[in-house]
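Labels for the chains are A, B, C and D, by order of writing; each one numbers its residues from 1.
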Amino acid sequence: MSAGLLLIFDLVLVVTLIGLAIAALVSPDVRRAVMLFIAFGLWLALVWARLRAPDVALAEAAIGAGLGGALMLAAARRAARQEAVDGQTDARGEEG
Amino acid sequence: MEQLLYGGAGVILFALGLWAFLVYEPLLRKLIALNIMGSGVFHLLIAIAERGELPPDPVPHALVLTGIVVAVSATALALAMGRRLEDDSGGR
Amino acid sequence: MDASLALAVSVPLIGGLLATALPKRAQGLGLLASVATVLVVGWVMAGVWQQGSLHAELGGWAAPLGIALAADGLSAALLGMAALVALGVGIYASGYFRSADADRHFWPLWLLLWAALNGLLLAADLFNIYVTLELLGLTAAALGALTGTVDAVRANLRYLLVGLLGSMTYLLGVALVYTSYGTLDLGLLSNALEPGPVAATALVLMTAGLALKAALFPLHFWLPPAHANAPAPVSAALSALVVKAAFYLILRLWLDVFAPVVTPSAAGLMGMLGALAVIWGSWRALRAERLKLLAAYSTVAQIGYLCLFLPLLQALPPGAERDDLFVALVLMALTHGLAKAGLFLAAGLVQRSAGHDRIDDLGGTAQHMPATTFTIALAGTALIGLPPSGSFVGKWILMTSALESGQWWWILVIAIGTLLAAAYVFRVLSRAFNLEPTPRSFVTQARTEVPALLLALTSVAVLGLAADPLWRLLGAGGGA
Amino acid sequence: MRRAASLIIGAIITALALWLLWVLQTALDMGAGPRLAEQAFAGLPTTGVSNPVTAVLLSYRGYDTLLELGVLLAALLGIWSLGVASPGFQPAGVVLSGMVRLVVPLLVLTGGYLLWVGGYAPGGAFQAGALLGAAGVVMRLAGDETAGLPGIRAQRWLIVAGVAVFVLVGLATLALGQGFLSYPQAWSKWLILAIETAATVAIGTTLAAAYVGGRPWSHAVVGGRD
């Protein structure tokens, strides 16, 4: 019984992990994709804690999801701002 | 069973990342894809380290720690190169 | 315990650290570290010469728990070639970069690259190889982008991403190996390995990852723009050394560690890809408009030649004949490394002097730079495989073995590749001698022209005429 | 057209994934293969640390970790070679900067704690360094464009500190005739702690500097804001 419960728990962990990965990969908005990637990294850390790898879980949360995510987020924000600027100049060009 | 479930998830993550790396063009997408590919490999290593009753194997854990740092370094360099390209094309 | 192996990695590493911390003295420190590294590599080679092979356990832990470094004839020969090329590149670079800024960025990254290269050639552990590959890939891409042009940054960003893809694929293979065999040490693994789907898949994954990095056809697409747009000394190192390092690992895996797993058809496939690379690379080199692009495509072809050896080595039983073929392979690799380095360095000088490197407009280059033109001619001799270059001997043995093992079709490939190489080399030289000859002095800029010339000269004269020591170095090392 | 291409790639990769899953199952079916864990635990008492992961990272496979710190350094050198940093963000408001004043010391403290417990509990140089780096990121987000880092000259020494201490220890043991990175057992614990401390500082500095994203404004250009 408890083995069955544990299996369901494992399944939920894995399915959510893969779901987050797919969401991060196909999300149409880049910024949201990065957010989802960070969520994926944090969830991965959780799964690794379940697999009795606390050292690596800590590192993944802090380095992989945390700093990697922060770096990507900065890039995504720049990209979004760039798009916004481009959009404005295009619009102005059409008006004029 | 557990090992196959978690290890299989690692393989699936690797394949998903590989697919996205080949299909998407933008740099940030490719980097997310590469990082998810890497996470898949790391996840496989963590999964095979865990063996039920025995204490988990610390060697794959250390390999993954090394891998995570390497992946972040590469991501940071790639993003800086991408930013350089952005700046150059923006400053025309 | 042999101290020289750890020093071969630590010395350039320390040089890189000092050049990072003291940027104003980067050049002096860098040259000093280069000379020191060459001496240490000489020490390693002497050790291999005397003892056949060297082995060192790091951290006081024996494999499989610890990591070992190992050198045999193959790694010693490549270490030596790398040291020669790197010394030449270093001296050339000290006179090449015009801005102090570029010079300061070059040295730390360059020395780290050299440390990674030595580490890779000495590595005896699958995961350690992954770390050295990453260090090599990151430093190579960063150095390639050093010119700062949009083309260079874009091409090297692609190179970085492709390299990472290769590393991840390689690492997946390593994970499979650890799952089944519980060891990462090359020696222990080769004893434990049993043919089967796991070992075969691991080899396929690792080879695919490394083939991406070695620019093996059809995974070569990233190489020409990345190498053609890098600063000349960096292009030389990338083409001569970095690509070859990945190929060295393929060789190590196929001939050493995974030898029981390799089937004739798998080796035949590698030979096929090599053949396509020879023809496609040589053809594109012939059609290239720029000298550096020509050199880059020629690298694709040269990697192809090296792959042609795999099916023959697989077919031959262990013995003197196979040893000869193996020496021929190493001879080809060394010759190409030195010649290509010389060619890229010379191309950089042409580009700087003429303001461009368009082959069709190179008329009169010979008049301005006799030494550089001579370098191109020498390197061309080696690339074609004319006597007395090392690749002449190499190709000769390759063709003999192909005939004797009944795989005569490879000879056709070699013949086509050689003809195309002759065509592209003479295309450059005929342009260079366009106008009336008015040579002033043979050498105009000693610091940059002499290293290029010496590297090309070594590839033709020294390796071709004095190949005997190489036989002994590799023969004594058990030559795989 | 693009859609078709991505579908074809998808089909090929699905086949690849199924193949790999089958291989993985084959590998796992062969039964519990050998692993290094038992040897790693057996050697633990002589390493001077009791956290097995730290023992692997700094003792058994210390050479890997040394090169890995080199990778981190190479990435930052590459970033610096690409150009100068962009200016930071607007200075934060009162509430945010108050929070920053609270969060940054907390991150640094936690980092120090993780470094110290790494010898016997989950934690170690990488996690600690990451927290230091995170403190830098937070400071930059709050408007400090240097991310709390010192001037360029000091930064250069800090980023090489990790590899430098590591490789110097290795050479010292080599000179003592012990072999590269073979710590004498009595000193092992303290040597590992020294290496880890230097690595933590280097990792923290490097990660924060990588987040700044370019070489700091040189003192020659702007009369040094530090």
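Note that contacts are C-beta pairs under 8 Å (C-beta built on N, C-alpha and C of every residue); 3 or more make two chains touch, one makes a residue touch a chain.
Computed from a predicted model, the values in this text were never measured in an experiment.
Trainee: What chain pair has the highest count of contacting C-beta pairs?
Mentor: Maximum number of inter-chain contact pairs occurs for C-D.
Trainee: Please tell me the distance, in whole Å, between the geometric centres of subunit A and subunit D computed from their C-alpha atoms.
Mentor: 21
Trainee: Could you state the distance in Å from the CA-based centre of subunit B to that of subunit D?
Mentor: Result: the chain centres lie 16 Å from each other.
Trainee: Compute the distance, rounded to whole Å, between the mean C-alpha positions of subunit A and subunit C.
Mentor: Chain centres of subunit A and subunit C, defined by C-alpha means, are spaced 39 Å apart.
Trainee: Distance between subunit C and subunit D based on Cα centroids, please, to the nearest Å.
Mentor: The mean C-alpha positions of subunit C and subunit D differ by 30 Å.
Trainee: Provide the list of subunit C residues touching at least two other chains, using ranges where the numbers run on.
Mentor: 65, 127, 131, 134, 138, 141-142, 145, 148, 153, 172, 179
Trainee: Find every residue in subunit D that makes contact with two or more other chains and list them.
Mentor: 20, 24, 28, 35-36, 40, 53, 60-61, 64, 68, 71, 74-75, 78, 82-83, 126, 207, 210-211, 213
Trainee: Where in subunit B do residues touch two or more of the other chains?
Mentor: Expected reply: 7, 12, 14, 17-19, 27, 31, 44, 48-49, 55-56, 59, 61, 63, 65-66, 68-70, 72-74, 76-77, 79, 81-84.
Trainee: So which chains end up touching which?
Mentor: Result for touching pairs of chains: A-B, A-D, B-C, B-D, C-D.
Trainee: Which residues, counting only subunit A, touch subunit D once they are in their complex?
Mentor: Touching subunit D from subunit A are residues 54-59, 62-63, 66-67, 70-71, 74.
Trainee: Can you list the residues on subunit A that touch subunit B in the complex?
Mentor: 7, 10-11, 14, 17-18, 21-22, 24-26, 30, 33-34, 37, 40-41, 44, 47-48, 51-53, 55-56, 59-60, 63-64, 67-68, 71-72, 74-76, 78-79, 82
Trainee: Which stretch or stretches of subunit C touch subunit D in the complex?
Mentor: Those residues of subunit C that touch subunit D are 1, 3, 6-7, 10, 13-14, 16-17, 20-23, 56-61, 64-67, 105, 108-109, 112, 115-116, 119, 127-128, 131-132, 134-135, 138-139, 141-142, 145-146, 148, 153, 172, 176, 179-183, 196-198, 201.
Trainee: Going by the contact rule at the top, pick out the subunit D residues touching subunit A in the complex.
Mentor: Answer in residue numbers: 51, 53-54, 114, 122-124, 126-127, 130-131, 133-134, 137, 207, 210-211, 213.
Trainee: Show me the residue ranges of subunit B that touch subunit A in the complex, using the header's touch definition.
Mentor: The touching residues are 1-2, 5-6, 9, 12-13, 16-17, 19-20, 24, 26-29, 31-33, 35-36, 39, 42-43, 46-47, 49-50, 55-56, 61, 64-65, 68-69, 71-72, 75-76, 79, 82-83, 86, 90.
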